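Below, chain A partners chain B and then partners chain C, in two separate complexes.
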Partner chain A sequence: MNLAQVEKSTWVYVAISFLLFVVPFIATGRSVQFLIIQIFVFGIFAMSYDLLLGYTGIISFGHVMFFGVGAYSTAVLFDRFDPTMLTFALAIIISGVIAGIVSLIVGVLTLRLKSHFYAMLTLALAGLFLVGAEKWRKLTGGSDGFTFGLPDILRDSFALYIVSALSLVLIFFGLRRMTKSPFGKVLVAIRENESRTESLGYQVLHYKVIVSVVSGIVASYSGVLYILSLRFVDTSVFATDLTIDVLLMTIIGGVGTLIGPIIGASLIEFAHHWLSDLSDVHWIFERWIILYGTIFILIVVFFPKGIVGTLVDRFYKWRARRT
Partner chain B sequence: MDVLFSLAINGLATGMLIFLLAAGLTLIFGLMDVLNFAHGGLFIWGAYTGVWTYQMTGSFLGGIVTAIGVGLLLGLVTERFIVRPVYGSHVQQILITLGFMLVLQECIKVVFGPDQKIVSPPSYLEGSFIIGEIVFINYRLFIIAVGFLIYFAFYYLFKKTRVGLIVRAGVMNKEMIQSLGVNIKLVFLLVFMVGAALAALSGMLHAAYSGVIYAEMGLEFSILAFIVVVIGGMGNFKGSLLAAILVGLTQAFMAYYVPALSLATNMLLMAIVLVFRPQGLFALR
Partner chain C sequence: MAALLETKDVTIQFGGHTAVDHVTVDIAEKQLTSIIGPNGAGKTTFFNLLSGQLSPTSGEIYFRGQNITKLSPTKRSRLGIGRSFQITNVFPNLTVLENVRLAVQSKRKVRYQMMAHFLHYKEFKEEAYHLLEKVLLIGKADTVAANLAHGEKRKLEIAMLLALDSEVLLLDEPTAGMALEEVPAIIEVIEQIKKQHEQTIVLIEHKMDMIMDLSDDVLVLFHGELIAQGSPQSIIANDIVQSAYLGGMYNEQLS
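Now for the complex of A and B:
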């Protein structure tokens, strides 16, 4: 590969990625590292969501089902088998396979439907998963949940930080490669005008199914990491609240970009932790959803591209004016 | 036999409440092709403000009137500031109304506190009577009566009045009705407000029916309303009545006979309908 052909933005992302690995040496506190791990986890989750919402223009209200599948398969494996790194590898593979199969079935059955029907159906399916997790007590422990042991290496928050940072970086570059490929261009074409893409000869349904499978597998991987950081699982990993969180992250950060969801995830996670802490000062801070909901509405109306998209647009306009 | 009968009455009452909630939603979709996920927000605002008035003044009727008033007002605000900027784009409508739903739900917690509230029906609607072996609970019969009353009132409105004619024509072809000189936007605003008021009324009636209200009901009932609208067929008024009764009855019977599955009933129903008959069970087209 000729280095001169690499885009400038890629170098910026590579530099930021290296910085991520320096951070844990500066921020050594457990709680800070935990917060950053959460940001990575939800960054990955939000990126997978943006593949559907931002790139392909599909609204799913049930994305949390893949997250939950990843979380539960990891937890159950660690609970049933010895907590070794082998189990961890097994968990990643098995959760990926299950999520892949589930998203394939869901996709084939439902992606033919119009946007609002698809949104409702995925919501219903995620609801079924939640009920299933509550009722299948033998496996899931019901709403009480259960704790499980981890391999010694992963107990250390530093190691977990490295694992999640590495995952975030790899997935980011992988998805970036995918969205910049011809395949990614077809996805954007579907978002912009589905019937025209179809009449150009593309099998729209195939593309949609493939992207939803990829997105489902990535989402389940974020569920795996999430549950490793918590070391405890209960039915909240299937809760609709998580889908709404990830929706807020993606929209606020910026749809149709990969860095946007990560920024959105940081903002929402900070809000979760810090604004909730501030509730001792004034109770209104506990209701931070109002603030974010309002921002969300304003962004949908006035800046449909989110923070990152709007900034990028401004940047291009500014550069065009200079030349 | 008596069990079957009381389950049926129970289901019918639930169905009527759901119908009041879903009726507005289905009209809004049929007329203006707008998906309103904030509908459950209007429902809880009706419930909370209605109950507040009811508990302050002791007048149940006052509570109902307050709920309807608040519903009309919120409908006006929602249509004007939330829905109007995003006509024509389903994706944006879903997103923005969901955001507004969250705001409405959190505002409830700010104004009325985050804890759940206990409500009981007024004394003149409490109690029950027995015919044969069947127990009739007064408040449930009251809800069923209100539901049918409103259904027939709207049925009359649609079939016999000029406003109803315009609304029906608008559902069929809104460009045509516009070119005939009708201000369809105004009609839509009115329909939206009436739909919101019905949702608020449903919230108030539901509050005394279930005995407890909490802010998270907003999202739950948004989803429930959508389930009913999807089953009945989007934009189909009669369909939403039948679907609401179907959902209510299924809920009641499943809760009694297969309690393990009762939580999943609605979702299953909708999933089946969407996969095999996405236009809705009672759709004409």
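Now for the complex of A and C:
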């Protein structure tokens, strides 16, 4: 590889990635590390969502089904088998395969539909998974959920931190490469003008199905990590609230970028954490979701492109003025 | 001269209305053929039949001697019949260069490559630049397509059509809705393409004076019928055409 050809922004991201591995030596507290792990998990989940929303222009309200599939397959495997690293590897593979198959079937069946019809159908399908998890008590423990053991290494929050950070970095760079590939460029073309993309000779449906499979697998992997950090699973991993959360993270951070969803995830996780802590000061902080809604409205009105989108715009304007 | 595209007794009816009525034409290879006629003469309908958006009620269409009457628009465009539309249709938030690059990428059949960086395909970018030069848009390569003037968007469309390397270019009113001062630039682009003698161009146009200098062959449609075909000079001299345009009293109109 010719190093001179690598974009400047890549070096910036590489540097930030290294910093991530230094953080756990500074922030040694268990609860802080747990918080950062949550950010990584939701960062991965939100990136997978942005592949659909920001790059291809597909609005899905059922993205949580892949997250839940990842979470449940991991939990059930650790419950049934010995908690070893082999089980962990097996969990990653099996959850990926299930999510891949589910997203392929769902994609082929639903992606022919136009925007809001598709959105409604995905909402219904995610609901189906939620009901399924509630009723299939033998496997899932229903709404009571169940706890399970982990291999000793993963019990340590430092180790889990490293695993999640590594996953985030690898997935980020992997997806970044994909969005800059000829394939990724066609995705953006589909978002911009679907019929024109078709008349250029691209099979739009194939692209949509492929991207939803990739996105589904990545989302299920974030579900795997999530459940490792919780060591407990219940039907809330299929709740529509999670899809809404991840939608907001993506929009607040900036759609159509990969770093945006990560920033959105950190903001929301931190806000959640700190605002809940303030509940002793005033009761409104216990209902932090009210504040969250207000902030969301303000962002959509004043920064419709999200944080990253707005910053990028400013940067281009600044550079244009200088030249 | 060998006919590249032929229609035999092509007719299409919408309910009781016959939009195109037994039209039989030969369109010669590597020539510029214009289709003229007053509003509602069936020009665009005829185009839709050629490109496959519509299929005829009766009659047949041949491309290089192959019957393509039943083929879909996508299949026809892969055979080499590309068309532009009256309404401009580009990717609004992408740069001009990226618009054309996507078309080049499709022609080279790089469809599902996910791993390589898009800059790995340098020649796509070079080809796109080359095409922008052809349509006189080179200075706008990094402009976002939405910020182009209407005439420039039409040029961009022509560049995308050229990128697909179609043998036949069907241009539906390339100057439609364009400011008068933008028209000469488009004509220049079409002239440039014509000069290279690589493609067959079929053009629909309202502005008679514009096509007379350009065309090798002119078809005149009136009420769905082909009333004249010939060189621009013979069309101007043709009485029936004169009365169709000026008087509108073509005698079969009443029948």
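Operating definition for what follows: the second predicted complex is superposed on the first by the 318 of 323 C-alpha atoms of A that agree within 3 Å, B and C clash if a C-alpha of one lies under 4 Å from a C-alpha of the other, contacts with A are read in each partner's own complex, and residues count from 1 in each chain.
To be clear about the criterion, a residue touches a chain if its C-beta (ideal position, glycine included) is under 8 Å from a C-beta of that chain, and two chains touch if they have at least 3 such contacts.
Predicted model only: the values in this text are computed from it and were never measured.
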item: Contacts of A:Y202 with chain B and chain C, given as first, second, both or neither; value: second
item: Partner chain(s) touched by A:V300 [first = chain B, second = chain C, both, neither]; value: first
item: Partner chain(s) touched by A:I26 [first = chain B, second = chain C, both, neither]; value: neither
item: Which of chain B and chain C A:F117 touches, first, second, both or neither; value: first
item: Touching partner for A:A189 - first (chain B), second (chain C), both, neither; value: second
item: Dominant contact partner of chain A by residue count, chain C or chain B; value: B
item: Those residues of chain A which chain B touches in one complex and chain C touches in the other; value: none
item: In the complex with chain A, residue positions of chain C that touch it; value: 73-74, 77-78, 89-94, 98, 101-103, 105-107, 110-119, 121, 160, 164
item: Touching residues (chain side chain A, partner chain C) in the complex; value: 5, 177-178, 180-186, 188-189, 192-193, 195-203, 206, 210
item: Residue ranges of chain B in contact with chain A within the complex; value: 35, 82, 85-86, 90-92, 94-96, 98-100, 102-103, 105-107, 109-110, 219, 223, 226-227, 230, 260, 263-264, 266-268, 270-271, 274-275, 278
item: Residue ranges of chain A in contact with chain B within the complex; value: 57, 59, 109-110, 113-117, 119-121, 123-125, 127-128, 131-132, 134-135, 240, 244, 247, 251, 284, 287, 289-290, 292-294, 296-297, 300-301, 304
